[in-house]
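Chain lettering (A, B, C and D) follows the sequence in which the chains are written, and residue indices restart at 1 in each chain.
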Amino acid sequence: MLKKVLIANRGEIALRIVRALHDLGMESVAIYSEADSLSRHVRYADEAYCVGPAEASESYLNVARILEIAAASGADAIHPGYGFLAENADFAEACEEAGLTFIGPSPSSIRLLGNKNAARSLAESVGVPVVPGSGPLESFDAAPKLALEIGYPIAIKATAGGGGRGIRFVDREEDLSRALSLAAREAKNAFGDGTLYLEAQMEDVRHIEVQIIGDNFGNVIPLGERECSIQRRHQKIIEETPSMVVGPRLRRTLNRAAVRVARAAGYRSAGTVEFLLDEEGRYYFLEVNARLQVEHPVTEMTTGVDLVRDQLLIGGGSPLSYDEGDLSPRGWAIECRIVAEDPANNFLPSVGRVVFSREPAGPGVRVESCLHDGLEVTPYYDSLLAKVTAWGADREDARARMIRALHEFQVVGVATNIPYLLEILELRDFIDGQLDTGFLDKHKIVGETEEQEQIYRDAAAIAAILTFAGGNSSVTSSPREKESRRASAWRQKAMGRWPKSI
Amino acid sequence: METESDGAMAQKHLIEIDGVPINAELEVQQDGDSRVRLAPDMDWQTVELLHIRAGLHVVMVDNVPIELYIERNASSIEVTIGSRKYQIRSGLTRLTDRGSTKSSNMVDGLAIVRASMTGAVLEIRVGLGEQVEAGEVLVVVESMKMNNELRAPVAGVVKRIVEGLDSQLEEGEEVVAILPTETPQESS
Amino acid sequence: MLKKVLIANRGEIALRIVRALHDLGMESVAIYSEADSLSRHVRYADEAYCVGPAEASESYLNVARILEIAAASGADAIHPGYGFLAENADFAEACEEAGLTFIGPSPSSIRLLGNKNAARSLAESVGVPVVPGSGPLESFDAAPKLALEIGYPIAIKATAGGGGRGIRFVDREEDLSRALSLAAREAKNAFGDGTLYLEAQMEDVRHIEVQIIGDNFGNVIPLGERECSIQRRHQKIIEETPSMVVGPRLRRTLNRAAVRVARAAGYRSAGTVEFLLDEEGRYYFLEVNARLQVEHPVTEMTTGVDLVRDQLLIGGGSPLSYDEGDLSPRGWAIECRIVAEDPANNFLPSVGRVVFSREPAGPGVRVESCLHDGLEVTPYYDSLLAKVTAWGADREDARARMIRALHEFQVVGVATNIPYLLEILELRDFIDGQLDTGFLDKHKIVGETEEQEQIYRDAAAIAAILTFAGGNSSVTSSPREKESRRASAWRQKAMGRWPKSI
Amino acid sequence: METESDGAMAQKHLIEIDGVPINAELEVQQDGDSRVRLAPDMDWQTVELLHIRAGLHVVMVDNVPIELYIERNASSIEVTIGSRKYQIRSGLTRLTDRGSTKSSNMVDGLAIVRASMTGAVLEIRVGLGEQVEAGEVLVVVESMKMNNELRAPVAGVVKRIVEGLDSQLEEGEEVVAILPTETPQESS
């Protein structure tokens, strides 16, 4: 059993981990960059240490400093969250060398699965079909022939990439060579390794992934699938479980395939095996995310499992406390990612100060958020502000609750993608579950209805007029003044005021 | 309350919302209720503005509550409803020239491409003196882990361009200057 | 299917109902007294009407005015929530006469069950044991003899009472006659009916109740028990489901007993059948609450059912969409009621302005709340500010999450019972599930530990010193100034500041 | 940072927290960090006060973050941590007489029972001129649907009593006046 865990992350996931630690009675150690000193993950933690300047490379990626804080605070483990150091095998190794438990897979599993070519081979070796593609390109000369064999359109991927990063698409042979040069330079810059491989760019496919969890005793169990086909530029923005197209037989097949790959990688802790699913129901291994995922709450809402809690217990040496047969998922869960990007302005990241925010709540709604009034959204980190998960007895209930929740969600000061999410949730094809990874390219997201827009515009005008006329206390007044004034007016008129319009 | 004027005096309010003028009237009734009509030919609506806490208000329009956030600037107020934001000015201000921001991107005959946000230069796709097509990607800027492509507004020749990968850009900073090959037109 | 529903209530339950309406795509009409114009239930609703002055009798109990608003707004139904008009048969009847659906049982069921003597007879008639007691007292002359037969201590109850109101306890015969006079006057004042009856005051018993729901087609199903033994002056403050002492066999027995009583009363909509359970496992019918209950969320968290949603669907004429066999409750849920009462000051109601509040969130935590910054807590209504429900895989998980959630909950400006709740949750007997209705009388709730108290006191002193020294910008500074100052200091010292204490 | 004074000047702060005086010192280091010790014989603690938004702050004490809410009054500040509230005064103020509030309940030889909250009179259990025992319930007040019993602080005779069931009481308003039968003592 761990006693004190350092969280090498920030934002909503750091807060999520603080909460799991408190639920387990473990102490939490937060780290924060100089840009994050007011963050909620800092305030909710038991201890908090400044890890460095705002730039991630000098703070949340500063391995030496993080290990120093871990030692000084007396932490016995480090949870990396997702992003930053979560899939960095060297970091996991450095933790172990420093006598700290790394909450995640072993360094060798991370290293193996971090090489996307090696992961593909691993999947093939245990009989799991992979997306058609090449091995690592040793030179670009062989590429045109390999590409023709696979068939255009084709995706150029970085062996060290993953999670949708470092991908280029090529439709025609004449674009291949230039794209390869650019991709190699990008991969070298981004991942320190310019090795590339080719993969078929599959169209009309769904992104289906399987959550798995394993312990140190050889137990690996699947927790069912998530459908994450709603992606914008290869970034998931809406995820759900179960998938409308995965029946019991396919679920069993995918679950078994995921467990075979995980076992072959000697996997422990929480992880995700990603697949593409075509219209004929054929599935293709894509990659393994050797970490917790942003969309983990949908699985938690339907299964009742707490994946972060289980990661911490497994990290402390406990065996998994449940088996696949103990799980009986219930209902449907949908997650939306709330990001500081402006859909009305080509999704430009919006930086600035959140002057007011209010999160949704109530039955069936769960929010993971780092928002607070006064939050400065900076350009240093990614744009994820919050995640909303809605649970319902069926998909339509979950969708209705999500729409209600997003209408309750208010963020003033920076633009968010909430209106964009609301529009997606109302699209006929979304309602029908007609999803694929090209969904957002195929569907024009129209603006708000003119009617709603006009109501809002009029309300803004009226509020402005009343504000400009503000000195007049009978126009804007505190409730207390109002109350006494009203009470007497009420009694005068016996039955009270009655607006003309009704 | 049944008659329209009822002895109460109406105030005229000429406001401008996102640049669109509105001729409104506000009337405070003897019972303390207020009514607004947003144009002479529109219906009166019973309205009330309630203050909840700094910035946060509810406006009631014929019993429909709408929560909004009001921020005052020097010359205008900004009203946020949900994720929509409205800029509102009071008085007889004229419409500003809506093309001005756009045309200011032409300086000394050069089309200036500016950084639309703070970020770092990730990729420079063209060189000084190169011929570019309208819409071609010139520079890729990374901000919040997202790549944003800056494109040529017109066809022309690159006359100035930002130097150095990873250099930091401020919002509005010049990134590329292009000498148009033909008479510049407002591109869509 | 209903289209538009008026909510004849306020506070967190009104907001709960607004949310259920939005989840179902129905329109919501709020009413508010002049004291409540800024309330969240007003702001979240589609329409809102002022119903009258602050006094409940002139606003939330003003039947004529409520029906007028319902007609004017075009509502087709009224949801009464709990309290106020929820168990008022005349109101339910007036709704029906006005062509409005009353979301709740029929007027005749409400009337029958509202008479506590009639309800006892009904239970007996279907073979459900009742707490030993008398029928309605026709004169006080017979009371001493009846009391002796039942045995002291004895409870004097009002036939028209219920929900813990209007009860007097008598230990000795010599106190009986004076207590009867006072009780009769109180009952007459409070309920308009001075009829009394006697009941054994059972000690070392648990309060166990069964949630039921019925439709207009004769279906009545039980949703399992709730244990509500933690009561302060007969008001529940902590509720949970399941109960530690209810096994499958007893659950079946209680479920069946509850359904028999409900059927005999021709019950529809959501309701609760309350029992006492003694140490030998014998159960005794207490009364039926013919309405939704404050503690309904614990049942929702374990069963996945949305009781308010189902009330609305049943009210719209739909049959129940599930059967008893479809329910498979999962895990454990505990609810705490957050009230504006000051435990450090003999639980006096605390009125005033909430200057800051922050509600807990995260995995397994659900909050129903009417709190907002700027809320004026007035003496006009009851003191319930919010309800926190924590779900966990087992009781201990739920308890740990509740403790975490209550520590996250901040209310500045009015005192609440949060510290009191936290202390109860940490008591050995609570942890062991050794509960009975006298729990809070038997357990001394000690204050916070001196150690914690000293840490808080020191922190307050330090904050005050830094505030008094405030002009000095290096003592209190905005994060932006701080950041640049820090960054340079950091670079100067190469490895950054390092506090001496670690 | 290893030496205690390090050239930095310490400020002396005499404050009073809930009436208890504290002799503290504040030292601002050259690197900008601040240290506090709350008594001459206590350890120095590295501290920082961060402002989040109006009222809401975090104080960091040796890396332990404690969220608190600060309200300034005319003569003192009030710090709320969780559900605990502290009144803090600055400077050389004397302890106020803590008995004063209590003794003001004796007026002209009568023990005055006051409403401890706003509410309505639900029940009057004694009559004018009646003899009451110390601790006996005199009047029941309902506030927020809860009954609160006002009890006799001393044994004595009821000299004045509020009239009329359901009448509204303000906090601090006199409800009953009792002439003590013996020399009044501070009841516990």
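The rule is short, and it goes like this: a contact is a pair of C-beta atoms (placed from the backbone, for glycine too) under 8 Å apart; a residue touches a chain by one contact, two chains touch by 3 or more.
Bear in mind the structure is a predicted one, so any value in this text is a computation, not a measurement.
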item	value
Chain whose mean Cα position lies farthest from chain A	D
C-D compared against A-D, more contacting pairs	C-D
Whole-Å gap between the CA centroids of chain C and chain D	30
Between chain D and chain B, distance of the C-alpha-averaged centres to the nearest whole Å	51
Inter-centroid spacing, chain C versus chain B (mean Cα positions, whole Å)	47
Contacts with 2+ other chains: residues of chain B	50, 56, 63, 67
Chain A: positions in contact with at least two other chains	37-38, 73, 407, 479, 482, 486, 497-498, 502
Chain-level touch network, classified as line, ring, star, complete or other	other
Set of all touching chain pairs, with the criterion as stated earlier	A-B, A-C, A-D, B-C, C-D
Complex interface listing, chain A residues touching chain D	30, 37-38, 42-43, 45-49, 73, 372-374
Interface residues, chain C side, partner chain D - complex	182, 186, 189, 233, 340-341, 347-349, 351, 355-356, 379-383, 407, 410-412, 415-416, 418-419, 448, 453, 455-469, 472, 474-476, 478-479, 482, 485-486, 489, 492-493, 497-502
Contacting residues of chain A [partner chain C, same complex]	15-16, 19-20, 22-25, 34-35, 37-38, 44, 50, 52-54, 65, 68, 72-73, 297, 300, 304, 306, 308, 328, 330-331, 359, 361-364, 366-369, 376, 393, 397, 400-401, 404, 407-408, 479-480, 482-483, 486-487, 490, 495-498, 502
Contact set on chain D toward chain A in their complex	50, 52-53, 58, 60, 63-65, 67
Complex contacts: residues of chain D adjacent to chain C	1-2, 11, 13, 15, 17-18, 22, 24, 26, 28, 31-34, 36, 38, 43-47, 49-51, 55-57, 59, 61-63, 66-72, 77, 79-84, 86, 88, 90, 116-119, 122-123, 143-146, 148, 165
